[in-house]
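What follows is a pair of complexes built around chain A, which joins chain B in one and chain C in the other.
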Partner chain A sequence: MFSVARTAFQKNSLKLFLRCQSTNALTKTQLPFTYTASGPSLIKYTTEHEWIAAHEDGTAFIGITKYAADALGDVTYVELPEAGSDIAEGDTISSIESVKSASEIYQPIAGSLTEANQNLENSPQLINEDPLGAGWIAKIKIKDAKDLENPELLSLEQYEKSLAEDNH
Partner chain B sequence: MSSFICKRFSSTSSQGLKKTALFDLHIELGATMVPFAGYSMPLLYKGQTHVESHKWTRTNAGVFDVSHMLQSSLQGEGSLKFLERITPTDFSLIKDHNASLSVFLNENGGIVDDTMITKVGADDFYIVNNAGCADRVKSFIPEQLSKSGYECEWKMIPDRSLLALQGPMSSKILQNILAPSQTLNSLSFGQRRLFKLFNGVEIQVARSGYTGEDGFEISMLDKDAVDFAKLILDNELTKPIGLAARDSLRLEAGLCLYGNELTESITPVEAALNWIISRSRRNLTDPNAIKFNGYEKIIDQLKNKSSKELRAAFKYTGRGPAARKGAKVYLPDKQTLIGTVTSGSASPSLNNINIGQVYVKNGYHKAGTELVVEIRGKFYPITIEKSPLVPTHYYRTS
Partner chain C sequence: MCSILSQIIRRTVSSQLISIPPRNIKLRWLHSSKVLCKITPFDIDATADLNDEFNELNSMYTSMFSKSNSNNKDVHKVKTENSLVDDINELNDELNELCSPYDTRCGSQNVPKISGDDLKTLVENSGRFIMISLSNNPYFNLALEDYIYNNSGKASSITKSDNRNSFVNSERLMFYINDKCAVIGKNQTIWKELFMKNLYDNGYQVLRRFSGGGAVIHDLGNVNYSFLTSREDFRREFFNENIVKWLREQNPKLNINLNERGDITLDGYKVSGSAFKIGRGKSYHHGTMLINSRIDKFKGLLKPDELPNVKWNCNSINSVRSEITNLPLTSTKQFIDICIDGYKTHFQDSNIPVLYCDESDTMNIEIRKVMNKLMSYEWKATTGPPFEVQINTIDTQLTLTVEKGIIIKSTIPIFIGMPFQEFSRLSKALLQTDV
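Moving on, here comes the complex of A and B:
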C-alpha cells in the first residue's frame, strides 16, 4: 500500500510543478514587466491568445501567448504596426508569419500605438523564444483604463482554464 | 489572434477519414494528424518544429508516409499506346525499370494529374498519382480507356504502402537494412527495382522523391509497412517528417503541387514542364502516329511560344510577409497586373527569405525580371529566379 500511495503523491506533485511553471505568465526580466519598477498593475489575456500588460501610467504592452507561439511554430516574419496611430478594439495591428501560415493580431483594447518592437524586424524568432517578454509586439497608450475591466479580458488563471477546456 | 488564416491543413473533424497502415505509428511518434485528401495524415511530429523537420531532411534523412498516394498498374499489349494517348511522354524510349515524371492530359491539353510512371516491362507499367486527384483519376482512366479502345487493364494496388526516405543520408540508411547481396549503388535517379531486406522482406525501391534530395520511394505490402518504418527510423540520422515540411521542401526544389501550380486548365508548356514532352512526340508526320490529348494546342504553344502565362519561380529581394496562393504580382509601377502566385512561403534553407511560384504573362517569366507582389495592400519587390531555388542533389550513376 505504501508504494501505491507514494506513486499517487508523485503524480500530484508533478501536476503542481507544471502549474507553477505556467508558461503563459509574463517574463519578469523584460520590458513589458520592467517598464515600471513594481511591474504592471494588471495583466490580461484574450481568447484570441493575446496578452496585455498595463502599467499605472496608462502604458500597456501587447503580445501573443506561449500557447499561441507554440501553435504557430517557427515565426519567420512579423508585420509591425506603425507608431502614432489610433486603434480601436478589435483592429488588426500586426500579422505574424510562420512558414506555413499567417495570423493576424488584434488590438485587445482601444488606444494609440506609441511603439512597435523593432527587434522583431530582424529577430522574428523572439516570438517563439520569449513571447511574453522580449517578443512583445506593441506598446500602446490605453484610451480608458476602465476598458481593462471588460469581462471578456481574462486573468491568467481563466485563460489557462479556457485552454484546458479547448483541449478536451 | 485569428484562427490561422491561409492554412491549407486545417485540423478539424477526423470523422470518416481513411487511415494508412502507419496511422498508429504516427500517433505513437506524437504526430499532429490533419485531414488531407480524405486521409488522416501527419503534419508535424512531436519534438520538431516545421523548420527543424525541413532542415533535418536537407542534412540527414526524413521518412514520409505517402501511402495516401494512389498506386496502380497498367498492363496489356495496348498499354504503351494508351499512355501515348493520355501523356506527352514517349515510354517506348524508356528502359525497363526506369520511370519518368509525366502528366495525364485532358482533351484540351490540361493537366488532370502529374504522375510518376515506371516501365516494369514491355506491356507493364506502375503508376503513382496524387491522393488529391485519386477520384478524378479513377474516372479519367476508365473513360479514356473505353474511348480509345486500347487493349489494356488498369488496376489499383490497394494493399501496398508507400514510404519516402529523403535526404543525403538516405542511401546509407537503406543500404544498412538490405540483404548482404543487395546494393543501391547501381540504382540511379529515376530507376525502380525489387530489393530484399536482411530479413527476407521484399520491397520495391524507386530512387525518386519530392524534396530535391537524393532519396527513395519505397513500396511494400501493408502488412510489412510498420516493421519497415520502425527499422528505417531505428538510427540517429532518420526522423519522421510530416506534410508541413514536405511542402516547403518541394517548393525550394521547384516542384509542382497539383491544385496550386497544376490544374485541368493548365498545359505542360504553361507549367514550364516542356521536358516531359518527349522530342519524338512533337513533330508527328506519320498519319498513324498517336497524338496525345490536346496535341495541337500544346505543340502550338511549344513551337510558337504562344502561351499566355508561364510558371516561374521567384524570390523576395528583402523581408516581408510571404506571398501565399492568390497574391497578385505587378510591374514595379504597382499597377500593371502581371500574374498570380500559386505557392509561397519562407524558405528555411535560404535563411527564411520568402520564395514561391507564380504564373506570369509570357515575357515576364525570365530570370532577373523585377516585379512586386501585393500583400494586404503593401507591395514587396521580388525577382524571377531560375528554378530550383535550392540546388537539387539527385543521384545519377552516369
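Moving on, here comes the complex of A and C:
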C-alpha cells in the first residue's frame, strides 16, 4: 500500500517536473519557429525522438528532441542530408555521431528535402545546445499535409507522457 | 611531370582497394611463446615499408624529386635487425595455422552451420540467440552483423513503437574474428586515419563500418563481440561492465577496468575498443577484444594525431589514440566461452541457442549486397565530409580541397580532378610525405 502510494507520488512529481521543464518545446527565437511570423501551424513528435514543425506554406523543419540530444551526449559529427531528394516517411535522412555512436535520424513524414542546416557542418554541438531551434537538421516541403494527422505523430504532451512511461 | 604521373597512375589503379580477401582462411592457435607487447599502434614504423615491391621505383621518383639523396639508403636497408624476433614470430604464425578454436580443419566443419533461409527466419522473429561466425572475412562478418541488426524482429514488427514489447527477450549476441584489416568509423576520413600504403603492402584490408568511433586494427588474435538490444534498453556501458565482471570472476587477479570512455583496460592499457549504432527501435554495441593479436605488427598502420608537414582541416571524427595490450587469456575461444557463460547467467536463461554460420553456408542476397557495399571504393573512400589538406614539401606548400574523394581545388593545378586515393599513393614518391 505504502509502496503503491510512493510510486504514484514519484510518477506525479515526474510529470510535474517534465511540465515545468518542458524542454522539448520548440525554441521561439530560431528559424524553425520564426520562419513564419505567427510560428508553425503544427508541431509533432515521433517515438524515435524527432520533432517536425510545419508551417502554413507546406514547409517544415525537422530535428531531434532535447531528450534525445541529452541521451546522445556530445555530438561530434552530423551527416547532413542532400537537398533535392524526395524522402518517404521513415527513411533515414541523417546520422548523428556522438561518443562513438552513430544514430540514425528518420523522416517523420513524406516530403522533399529542400535544405540541410549547413551550420551543423562546423558546429555539430548546436544539436546539444539548442536541439529544438538552432540545431534543426532539415527543411522539407511536405508532400501531403494530411500526413501530419498520422496518429503515430505525437503532440508535445503525448511525447513527454511517453518519455515518463519509458522512464518510470 | 605528367608522364611520370600517368605512369604511376597506371600501376596504382584503385582495383587494389576493392579486392576481395583470399578465401584461404588463416587459422589460429594460442601463441606458445606469446609476445606480450604494449605499444602505440600509431607509432610510425620505419620498417613497415620494406616489403614494398615498388620500393625501387618509388625511391627512383624520390631521388628525381629531392634535392638530396641522403635519405634513400634507409629505404634499401634489408630487414635483418630483429631477425630473431621475426623468426620466433614466423614460428608462432606456423603454429597458429595448425589449429584454431573455430577452425574448419579441426573439427568445426562438423558443426552445423545455419543456412541463409534459416538465418532469415531466426533473425526476423523474436527470441534470443548467440551467433558465432566461423568466417574470418571481415566483409562477410560486418555484413552479417548489419543484416542481423536491420532485420531483427522484422516479422513481429518491432519497428513500430506500439509493438516495442515484441523486442523483449530478443537480445542478440554475436562473435566474429576478422583476418588482418583496418576498420574505420562511419564518419572518418580514411587517409587521415590510416597509412593506406603500409596496410596494403602488409596484406590488410581496409573497411568502413556502419557504427561510429575511431580506427582499429584487427587480426586473428582479436575477437569481436556485438550485442544487439532495443533502443529503449540501450545503455552504453552495459555490455562492457558485464565483460569486466565476467573476466574478474574468471581471474580475480586481473587488473581490468573501464576507462572514462567506457573502454576496457588491463593495467591501464586498452584491450578493447567499442562503437555503437542506434536506429529505429534497435541498437547495438560492438567491440574488439585483443587476446593474442600480433600487436608488434600493428606499428605504422594507424596514423598519429599529427604528421610533420601535413595539416588536415576536416570535420570528420578523430580517433583517440591509445596504448594497447593483449588480454592474457589462452585463446579467443576462451573469451567467447566466458562471455557466453556470463551472458546466459545474466539473462537467467541456459537455453539461449548458440548457432554457427560461415560464408559458404550462410549467405543470402541481402548479406551479399551489404558485402558489395562494404567492398566498394565509394563507401570506403568517398563517404564523409569534404576536407582540406595542407602539405609542406621541401620547396613548396600544397593545399588541396577534396570532395567525395576527388581533388576539386589544388594550388598545383595538375592534381585537380585526381582521386585523392591516387594522390595519396603518389605522395611519398612525389613529395616525400605520406599523405
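Here are a few things to note about the model shown:
In the analysis below, the second predicted complex is superposed on the first by the 149 of 168 C-alpha atoms of A that agree within 3 Å, B and C clash if a C-alpha of one lies under 4 Å from a C-alpha of the other, contacts with A are read in each partner's own complex, and residues count from 1 in each chain.
To be clear about the criterion, a residue touches a chain if its C-beta (ideal position, glycine included) is under 8 Å from a C-beta of that chain, and two chains touch if they have at least 3 such contacts.
Since the model is a prediction, treat every value here as computed from it, not as a measurement.
Superposition of the two structures on chain A leads chain B and chain C into a clash. In the overlay built on the shared chain, the residue A:Glu152 is in contact with chain C alone; chain B does not reach it. Shared-chain residue A:Ile64: touches chain B; no touch with chain C. In the superposition on chain A, A:Glu50 makes contact with chain B only, not with chain C. Contacts of A:Asp74 after superposition: chain B is touched, whereas chain C is not reached.
Remark: of the candidate stretches 147-155, 165-173 or 237-245 in chain B, the one overlapping chain C after superposition on chain A is 237-245. Within chain A, the residues touching chain B in one complex and chain C in the other are 48, 76-77, 79, 95, 97-104, 106, 121. Per the touch definition, chain A reaches chain B in the complex via residues 48-50, 64, 68, 71-74, 76-77, 79, 95-106, 121, 128. Listed in rising order, the residues of chain C touching chain A in the complex are 160-161, 185-187, 210-214, 231-232, 236, 261, 274-281, 315-317, 385. Taken in their complex, chain B has these residues touching chain A: 1-2, 4-9, 44, 49-52, 54, 244, 247-248, 319-322, 324, 345-346, 348, 352, 354, 376.
Across the complex, chain A meets chain C through its residues 47-48, 76-77, 79, 90, 92, 95, 97-104, 106, 121-122, 124, 152, 166.
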